[in-house]
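Note that chain A is present in both complexes that follow, paired respectively with chain B and with chain C.
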Partner chain A sequence: MAALGARRLLRPGQRWFSETVPGVPSPPASPLYPPLAASITAKSKAAKSRRLQRFNQRVHAAATVEEKLRLYGKLQRPKYMVYPQTFALNADRWYRSFTKTVLVPGMPPRAAAAKSPVAATGTTPEAGRAPEPGAQALGAAEVPQAAKTLEPAAGAAPYLDMGELRSLACDALLQESFYQNKKRPFLYRDQDHTPGPFLTQLVSTLAAFLSSRNPLLAASSLDLNPEVNYYWHHGEEVVVHGHRKGRVDPVRFQIDDNPHLQIRVPKQLPEVVPLESDLGDVPVIDHKPSKLPLFKKQYENKVFIGSKVADPCCYGHTQFHLLPDKLKRERFIRERLEDQIEVVYRSNGIASLFAWTAAQAMYQGFWSEADVTRPFVSQAVVTDGKYFAFFCYQLNTLALTAETIKNNPRKNICWGTDSKPLYDVVEDGSVKGFNDEVLLQLVRFLLNRPKEL
Partner chain B sequence: LFPGVRQAQWLTKTKLVEGLPPAVQGIVDNPALGLQELEERAKHAVSHARLWDTAQVAPRREQYCPVLFENLIHICRLMSGKYPSLSKRMLARNCRIAATWERESILLQVRGLSGILMNSMTPIPPVASKEEVLATKEHVLETFYPIAPTIDLQEVNVYKELNDTGQCFGDGYPYSHPHTLFFLESANVRTNRFRPEQLRAKMLMFAFGNALAKAKALHGDDPKVLEQPVVVQSIGTDGQLFQFMVFQLNTTDLVSNDGVKNLVWIDSDQNLYEKAQCVPEVKKRVVTKPAGISGFQPDTFKKFLALYLHGTV
Partner chain C sequence: YPLFQRGGPQLRIFRPNFFMLAVRPGVPQPEDTVQFRVSMEMTKVDIRNYLERIYNVPVAAVRTRIQYGANNKRNHRNQRVKKPDYKVAYVQLGQGQTFQFPNLFPEKEQDSETRSFDDFRDKYMEKEKQKQEGDPRRGGVPDWFGL
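So, the complex of A and B:
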């Protein structure tokens, strides 16, 4: 009651303690104390977010890209190892959900339209262009091994000579499988014996042959058996056991990939579709990633495209992957899992290309808090020596962590084809059933270049 | 194998000429090839192999030697944009070579893995003129009396005298002419690598073996003086030092010590770069040696490219 009495004595608007005159606004005083910020070391959510902000600022303020990468991967915690070449069932759905990728079957439309037309066999050359059928046809006809029908390759200079390309491919194939005396393949190492060297020969000779048409190839760098690594966070989980039990942690992933062959170029490939396009849905998977199966390990968080940051060829052009013996088609057919054959190719394409493009983006200074301002495009060919599948990947966003993904409408896009055979069989020094489509697609991939060139 | 090359010379009845043959030197000096712009690319190739290729700080020799070779070959191959006939070449790795010959009643044989071989559809034209070839008749092979010339060679009971280029290129293999052999000394430990002198001897023996096998395949097994000499080139490196060699087989008559001899041009110990510093060397807070490649010699790369282009340009 004393309090009631005291309150009645106060007029509304009057302060209890101070002596300010009511009605006069107080002069705007500079704050006497700094703004209230959460503690840095307390065990509270506000403190955690403040620590995260400080970390983000540190990475933003890093002077060089190497420093940024070092800070980004400084904290080592157990993370899921994502293997691009995996036998897990339906792995490509899981990988798409981890990397926020949309899979569009078939090849991007730009690739079909803008290429210089390839001379179809038998078409008459346009008037006004001096055809050189004589020399080309003789050159193509003299090659005895390829069991193609001896069509004269009617080609003028801008046209691609299919006969020549076919003979190059067949020569590489025959050398590796037929002509060279090799010992028997090592146990379970069939892929190193014939398809591996064939792929190396094929790509190197084709790249050299096409370098006159594609100046980007002429400045490219070819890596044999390089290493590609990428580390990222996606989603959140609660730590299950250990001294950190109960805390909410981001789910960490790491891809360590070894493509068979890789071409890196100094200029970026052009974008296929605009940055904000939406071509489909990303699959949502409710289970924990370890159900795939995927296992955790703690080791160095590497981000690497194949060479260090100082290399001028810092953008990727095409990767070539060779499927190991463990994932060969006969094994899947034997275990009655025919539909998983394509899954193997797709998961390899998506995971490897995501790792490569994202690492390229990080080399340019982008990361999950500083999202990419231009799309990064790369291509890949996944093969087991006979069957080829082609993939084209456009990275639109790196922001996959739990906070940054909330307001991020962008999705990464991957175009992919099914696997098609390049040839039927090699016997008696000739290649039977050579498939020109596959070679053509490979050539189109190699000829891909920015519009200015 | 101390007098390595000299011993190999005696064994293969060869006369040594220092430096590269004039045909190859002509390609090196030819300005129309645009070798200047390639210098930049060659420097990038060296930097990539020695500095940038690995996620660790510095790559080991086993890694950087093959990578350097691949990068250089990639640059050379890209020249086929300018010279389309360069696409008529094929690289073969891990090929085995076997060749036998008699030398003053001693049967000799060369066998083994000869590294990486590049074959081409067309043979290299002979490098030395006919007069030079005939002039080798006067040349006397040096002997090492009292050391027998077969010292340090493994004596083996040979049951089959094999003569094939190891690849057993079945009939119809289009790339039937051995063009260049590449030897990469990439062992990490220095004692496992060949010293430059021994490397040159090895290169000579294998080049001779390849040329002999090819000559016997072309002209038959009888020993005689060849109308069309067979030329095989050879490049050996340990990642920094390069040895260049051009070998011309003039005769398969190797039993006697006189007559026309074979010729070899050797350009030895060419450094491609002086030092590759992965991490800058800092003494007392001052950077004494910055990171990077120092002492790059473009001439060595030009010779590499010239040997690659030889035969098509």
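So, the complex of A and C:
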């Protein structure tokens, strides 16, 4: 009652002995209480999101890339092991859904200026390739100049000698399969016996031959049997049994891949299409990944491109994969699973390249909360010794976790060809039915370089 | 019997207890996967041959596991009662075929007679229950005492 009386007496403009005057705005003093925030240790969704935000800030604030990688993969939990070379049926569809990748058949259209013209056997393959509008214009201009010749033309534009390249490839093949005296291969070790050394020899000689035309190859690093690892989260699931039963967890994946050969370069390959392009649909699979079948294990969360962070060759150029004996064509044909042959190549290309490009992006400091600002491009050749399939991958987004994928329209893109034979048969010291197109595509891959060079 | 070698005469016939029972999966499976309970002695090769030769079903892949039956229940003599073990096979069909386990107990459409009978029965039961209960104003308190 006394307070009511006191308030009635107070007029605007008059000062009371202790209260602030209503007409004047209150002075901007520091607030008496800290801002309201959720608890950190409570068992509630708000507390969990606050813990996640603190973790994200910690990773953002990490000083070096090594520290970021260490914090990113610090917490170990059971995760799905994704094998690029798998016999699981329709694995490439599942892998595309895990990595948010669009598969575009055929090779990407190349910018005409970046290609050096190739001698005449290049005309039919160039016309036959997946749409290359710019290259066709260039090809039509070059055809009258590129004569059907085996000698390189002396001039400003360097011509590639198909005969020379063909003889290099045939030499490597014959040396491994005909001239060298080898014992019979051990059981299920056929791939290490002949196609493995052939691939190594072919790539190293071709890279050395082409390094004069491609200065990027001269500064590159060729790894033999390197290791490529990547760890990521995608989607959410409820923990089924155990002491953490009932909690909502992200689905964790890990790829541990050992390509046969790998070329790493100090400068990044140019982007093929702009960052926000949409070239197709990503398959959506509602089932749990364990139905593929895919199995869980808990071990180190490793992110590795083949060399440590301090290496100057931190961008990827080309990977070469050799399919193991378990996945050879004859086995699929015997079990009447002919459509799965291509699936093997595609799943290997998609998974390995996703792991490599994503690890390269993490080496530059990007991660799922800090998405890539420029696309990362790499190439791969998957072979079983005779059949070659070519893949080109553009990583547009790393944000695949449940929160970051919601407003993310970007998709990763993979261009891939079907497997084609390089030769028909090797007998009596000569290679029958050599396919120049495959060699040409391989050479194109090796000659790929950024526009400045 | 003489020892059998490959190519020799087959003098004995084996009749193993091979059976396969298609079951509804407990967790949702992909469209091309069928779940079976099979005899414990069957291998993946046996399952594939069984389906391909007897039923002409193209099989792409087979995966098996053995489900352990629990031994926790006790009978009236406090002896443990074991539920039997069984083998489960997940068969992925070839040639792009799919399979969905059918609904074995679909809800039948009721004709007007049964529907009116059901309504009449429900109303009668409600009236009986109302007679059993006491005065709702007493709030569930029994009426054998009081004024």
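Structure notes:
The criterion applied here is as follows: the second predicted complex is superposed on the first by the 382 of 453 C-alpha atoms of A that agree within 3 Å, B and C clash if a C-alpha of one lies under 4 Å from a C-alpha of the other, contacts with A are read in each partner's own complex, and residues count from 1 in each chain.
Please note the rule applied: a residue touches a chain if its C-beta (ideal position, glycine included) is under 8 Å from a C-beta of that chain, and two chains touch if they have at least 3 such contacts.
Since this is a predicted model, take the numbers as computed values, not measurements.
By the document's definition of touching, neither partner reaches A:109: not chain B, not chain C. Using the contact criterion defined above for the overlaid structures, shared-chain residue A:221 touches chain B, although it does not reach chain C. Shared-chain residue A:208: touches chain B; no touch with chain C.
Of the two partner chains placed by the overlay, only chain B lies in contact with A:429; chain C stays clear of it. A count of residues in chain A touched by chain B and by chain C gives the higher number to B. Looking at the shared chain after the overlay, A:180 reaches chain B, while chain C stays out of its contact range. In the superposed model, A:336 makes contact with chain C only, not with chain B.
The residues of chain A shared by its contacts with chain B and with chain C come to none at all. Within the complex formed with chain C, the chain A residues making contact are 88-89, 285-288, 291, 293, 335-337, 340. Only residues 143-145, 164, 168, 171-172, 175, 178-182, 197, 201, 204-205, 207-209, 211-212, 217-219, 221-224, 226-227, 229, 302, 304, 307-308, 310-313, 429 of chain A touch chain B when the two sit together in their complex.
Contacts from chain C toward chain A in the complex involve residues 27-30, 32-33, 58, 60-61, 63, 92, 94. Chain B makes touch with chain A in their complex at residues 41, 44-45, 47-48, 51-55, 66-67, 70-71, 74, 77-78, 80-82, 86-87, 90-96, 166-170, 172-175.
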